[in-house]
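The two complexes that follow have subunit A in common; it is paired with subunit B in the first and with subunit C in the second.
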Partner chain A sequence: MTAKKPVALRIGETHVQAVRDTFPGSVLDATWQAADQVTITVPTDMLPDVVEFLYYGRGGWLPNMVANDERPLHGCFALYYLLSMEESDKGFVVVRTEVDPATMEYPSVTPRVPACVWSEREAFDMFGLRAIGLPDERRLVLPDDWPDDLYPLRKDSMDYRHRPTPTTDVENYQFLYEGHAEETTQVPMGPLHITSDEPGHFRLFVDGEDIIDADYRLFYVHRGMEKVAEDRLSYDAVTFLADRICGICGNAHSVAYAESVEHAQGIEVPLRAQYIRSILLEVERLHSHLMNLGLVCHYCGFDTGFQHFFRVREKAMDLAVLLTGARKTYGLNLIGGVRRDILDDQKLATIKYVSELRNEVEALVDMLVSTANFESRTGGIGRLDPVIARDYSPVGPCVRGSGIGRDVRFDHPFDGYKFLVGMSARTHDGCDVQSRTLVRVEEFMDSLAMIEQWLDGAPQGPIQAEGWQYTPNKFALGYTEAPRGEDMHWAQVGDNQKCYRWRCKAATYSNWPVLRYMFRGNTIADAAIIVGSMDPCYSCTDRVTVVDVNKSTSTVLTKSQLESYCRRRTHSPLAGKGW
Partner chain B sequence: MTIIIAILQAILLVVVAPLISGIARKIRAKMHSRKGTSILQDYYDLAKLMKRSEVREGGSGIISRLMPPIFLGCFVLIAAGLPLVMQACPIPMLGDMITILYLMALPRFMFALASIDSAGSYTAIGGIRELLVGVLVEPSLILVLFVMASAVGSTNVGLMSTAVANLQATPLVAVVVAGVACAMACYIEMGKLPFDMAEAEQEIQEGPLAAYSGPSLAMLKLGVSLKQVVVASLLVCIFLPFGSAPTLAPLDILIGFLVFVAKVLVVFLIASVIENSAMRARYKILGRYTWFVVGIASLSLVFLIIGI
Partner chain C sequence: MFKLFKEIRETGDATVEYPFAPYEFPDGFRGKPEHNEKLCIACEACAIACPANAITMELSEDQSLITWNINYGRCIFCGRCQEVCPMFAIELTKEFELTVLNKADLGESCAYEVARCSCCGKPYAVKKEVDYVRNLLSKMGGPAATDIKKLDRCLDCRRLEDAEAFQLQARHRGEA
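Our next item is the complex of A and B:
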């Protein structure tokens, strides 16, 4: 553990001091997990005040809150409100508080800082910790037929293989209507909707074709990854599980997890590995943004554009094959470095791919912007008000399209991003689908430039750190900017070479709560494109997988095994199955 | 003799409609840089659907069941009456513009009625959109046909066709402007992108079509393809009748037939290119496009009145 009294002024020191000055006696403890991460412990009753002060008073944004069952360690549950300080003294301040296991209650922060709403709902689902004053106490993560008194992430509750008997046969989720119009028609969109391809149930409250309000139910395919990671995997295997969080931006999760452990354990990742990680993160952004640009076309009924973006996207996938050996940038990260170097001929080939991609995408974007109806389909649609954005801490192109330049790559530079020259976060002020699309276009071009800079600048050297010491029970944050926004992982290792608690927050988790506001005032015709402009990732949010751990670690998959696995994945009615 | 031609041309259009939509799909694939399916794909689809059993929505009534045959039947009737290969109408009674307009309105009415009959919310939205398209487009079409009727002195489409073919339709400018307006109205009426609102896949999951399956879906799909061909033929036979058979001589009929096929293909080629280079218009601003068409149609009326 680092010393409690810092010698020089550390990152986050000013914030801690400000909390001390404003709320005397509130800071029981302040420890630094990494250079830019400080955790302060506050009394439970001071929690809403301190979080609100840091959020609105000191320019903090809230990625999420982590609940943790620390009864085996010191007898209490603990809550960690992660705050990303982005105005002055940039860094992370984590507000920790302990919850008495006898009452299982704590004052809700949501009425003061709405961004906490999903995390506090999840804390109840997973641990049974009740936030007093939480305006929305519905279930968030667990399925409707999950038993009421089974809290999966409590250390003493259940084995990860346990499948409780369903308690009900019908969906009983209440959709909330917050509009004012007296008479509305409810239009269900999903759980399976032609254009979303992943399960999410949107309930649109409409008057004619106008959407008055909307509510939604997600987590149909919760995979219980955090539980699996805690019970089944050793901490250094979780990087590979983290890859599988998302089908698009798995590498961002993997890097975030690896760095959370590295930060906690004080592991210095070699410079070359840092460059390689960044290059792969940007390769991921290339194909992800191309996909979203294609999908914007598709949602508008412009399949010609869709097909052409996907044709060019193949080139980005080829680039991934070149650098990682597979179309997805999976399986590259280890704690302490990466598994695969970029060789000289790969570097030259990459540079060639990058220039080809630049030319082709420029031409396509010109075509897209000049397409009839592009302006009218996307301009002014799905408005995300900056005020709402400030309250809910959305991330990625979603918030950058509303003129707020939040980008982990530039707010908290990590890995190769520390060495970038002449780059900054891209923003547009339109607050609409068009702005979000244009942000993605510019970021795509930036990614190409970044990859070129890093390929030129990467120093020679080892790609893995060696000879470090494993210290139990240390925790820290890891963060990356995935194509959809910031991924935030909080990991604490235990004394058994496993994760004691791993909480991964995918980008879209922060974006869903604002969707309701983006829907309002638009028409049903725009619903799909509004969801699409968020570039949502259902499975990331759900942290769901049907990864069969035994197969992926111990045996080689035969073709027929793989086929039956694919079949099972496609045809199994995951919703309602729980874990 | 002419009644045989009427029956033959109706059968021909029904048989050819899936081929033409198959060709449109091929063009679409080429513009997408895809290889695309065979141009016969629509026949395969229909054959497969005919073999499937039919699933009906619970609670839907007779209207839903009657809609596909009525939809298809109306367009078959129109197809029989239009002066396609010859300049005159094979069955004069069916060639009256009032009859044609009502035969086009009936399927739309049934389509909307069936969509309300269904329990699905997207289905109902699709039906309402279809009605909206009708309300906005039909006036221009009526206006255009009225201009033509005044220009040639008859409401019979065959006489309009003959007059235009012989360049006797006056005043010329009014007729040309009416032709432009008619082309636009027909394009919207064809229900292709950017105006395929009632079936918009991404927005309302194909609307009323989602409620059908098996043979009725086949009938409906055939009906939709046939509608596109019929609407294109309507435009061709009134404003571009050049090359159609003036007499019943076999050679004339043969030439008329070939020319007709060529003209329809050209119309579909142009429509496909437009279809694949635009985004779907927002349902709310459809009115702006149709006002433009109404404007042009009114212009032709003005030219007709002042006689240029």
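Our next item is the complex of A and C:
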């Protein structure tokens, strides 16, 4: 008799089994894309149950949902709910379901798991897939003047160069007010607020000086990158496009994209390349966190500190130039590895930069924290309730400031993070602006230590994987922890050396939906610092429209008015305007 | 507060004199790509690798010239062209001041002669590339250089020639 050897469970197996046990017959198929990624296919009507069970019942968090037009492959649309399992059996479980192209409808998961709301709104914009029961069916990504029946990411809809004739001349986006004050409010359509960097339209619903609710419209500069990547670029050039998603954390996107393709194709990236990627990811965090710390100084009215943080930040930029040849858009990732090695003299120079940065930032942080304004301007401001956080899956310092230690680097260690010694996710439980700032300070110091560990530990060897085979239609996830939180990329390559579908989720995409809860209960003077503490992909809101719910009047504040009020807290810009 | 004043005093000037003094970058900085038209054999490797389509190749209407173009307005300074160039004919320099008053000045181009097949007269490859290969093969000598005469023929003519030779060989074998 031969005793059967117990088969070691694959990562995610316990979750799949739990779904099978709880909802018999629901798992039509389960396939592993990588060691830590499993995709289960479920019937469309079971979708909300399964996602809710994995989210709340098994400790899952939802970074994103990906819609995909798979009609050329098997005749249906498909939805992929990406779940990051962070309690037991850590890994990724992707719940896939097929949507009938005749009805184009599926049951919305948002009423059960609020974190799906933006993804489901976007799936309608891009594919025309309707989530039945979705509480908020407004457009998310496409502009107001986009034709109703044109869904850009459908495979048969349009060329990426097509620019449809605008259908309307007026903005018709409805801002939602969820407060309880009785008077209804007529909200005027303001002009678009294009700042020097990124535009967005905020609407604060206030009672006097207190913010009751807030709503906002973003995506004014939606660039259609996913469409360009699918149509024009070959899959190996997309790393360079991913570098340009963000001017601050582009490298994190580039790595995430490269790793999604590598996971799908089963490419083993050489160890040295993994170390180099991690070093560059942390170099990026250095300059990003210093920028945010500088901005916190600025919003606290401590502009000298702001200048000094930016002076020190320049060292982090110099370090990037030294290692990559560019201040930003490092452009060093290729599918299968990196393009530049770190040479010995660069290593020595990096160690020197790291120790200088450590000394200077320690001194500056000391000054910031001992500034009288810091405590009063940040303590208890912009509270992100952990319960709200659990519902919406925010990421990065934003959620870690609310006592929840979500960090892809430690939850799902990848690249060099697998080899770190004595590090863990940093959390603070004040839930306020101060906690988020302190998380960033500690992470900055951790980044320096990580860079030192990796420079010492990086093995010699090649930096590019060679001799792998391209297999069409395979898909997988790639993930990195950008300075603002996790970047999650889902990529599927086609049979033409191009991306069949590429979905990139930037960190702040997960954080915007919770902003309105962070606003509530604060005063207008705090609005700028709350947005700033999220470190959104833009921290200056050019203008804010303020609506008084009791008087049904509205007025538009400029960015400089709001900022100066935030810093001085006297001379309300609303004074003298009949408020 | 005193700490802050001390810090300010110790820091001194944090800014540099640029643009009144040159701005230095470390080696390996990725700036303007410089094309060396003498080394270039117009093999098109850079045009294929360029993710931004900044480098393009264009055949003239009568197919006698092929033009290598670069548009610095599209360039993303990734350096892929430098990586793939077999002739080291393109290199990223430290130059970063690319502003021009006229949009057309953002481009550079260079035309190369196209070789015609000695058999059928069709244009088939860049002359410089063919010359380079001929030179390389003749220097290598030995079995590699046995087909050196065929270099001035287009792919179709060479295929035809090979097929005919093979047919002849097969016929001989059949007779034997």
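To be clear about the criterion, the second predicted complex is superposed on the first by the 514 of 579 C-alpha atoms of A that agree within 3 Å, B and C clash if a C-alpha of one lies under 4 Å from a C-alpha of the other, contacts with A are read in each partner's own complex, and residues count from 1 in each chain.
The rule we apply is simple: contacts are C-beta pairs under 8 Å (C-beta built on N, C-alpha and C of every residue); 3 or more make two chains touch, one makes a residue touch a chain.
Everything quoted here is computed from the prediction, not taken from an experiment.
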- Task: Quick one: name whichever of subunit B and subunit C touches more residues of subunit A.
- Result: B
- First (subunit B), second (subunit C), both or neither touched by A:517: neither
- In the superposed arrangement, which partner chain does A:237 touch: subunit B (first), subunit C (second), both, or neither? second
- Does the superposition put A:340 against subunit B (first), subunit C (second), both, or neither? second
- Message: One more residue to check, A:308. First (subunit B), second (subunit C), both or neither?
- Response: both
- May I ask you to decide whether A:526 touches subunit B, subunit C, both, or neither, giving the answer as first, second, both or neither? first
- Kindly classify A:444 by the partners it touches after superposition: subunit B alone (first), subunit C alone (second), both, or neither? neither
- Query: Where does A:376 make contact in the superposed view: on subunit B (first), on subunit C (second), on both, or on neither?
  - Reply: first
- Query: For A:92, is the partner it touches subunit B (first), subunit C (second), both, or none of the two (neither)?
  - Reply: neither
- Message: Counting contacts the way the document defines them, which residues of subunit A are shared by the two interfaces, the one with subunit B and the one with subunit C?
- Response: 304, 308, 311
- Hey, which residues of subunit B end up touching subunit A in the complex? 28, 31-34, 121-122, 125, 193-194, 196-197, 200-206, 276-285
- Sites on subunit A touched by subunit C in the complex: 233, 237, 240-241, 244, 304-305, 308, 311, 314, 321-322, 325-326, 329, 331, 339-340, 363-364, 366-367
- Query: In their shared complex, at which residues does subunit C touch subunit A?
  - Reply: 3-4, 7-8, 11, 14, 25-26, 28-30, 51-52, 76-79, 83, 92
- Note on the structure: In the complex, the residues of subunit A that touch subunit B are 185-188, 193-195, 209, 297-304, 306-308, 311, 371-374, 376-377, 523-529
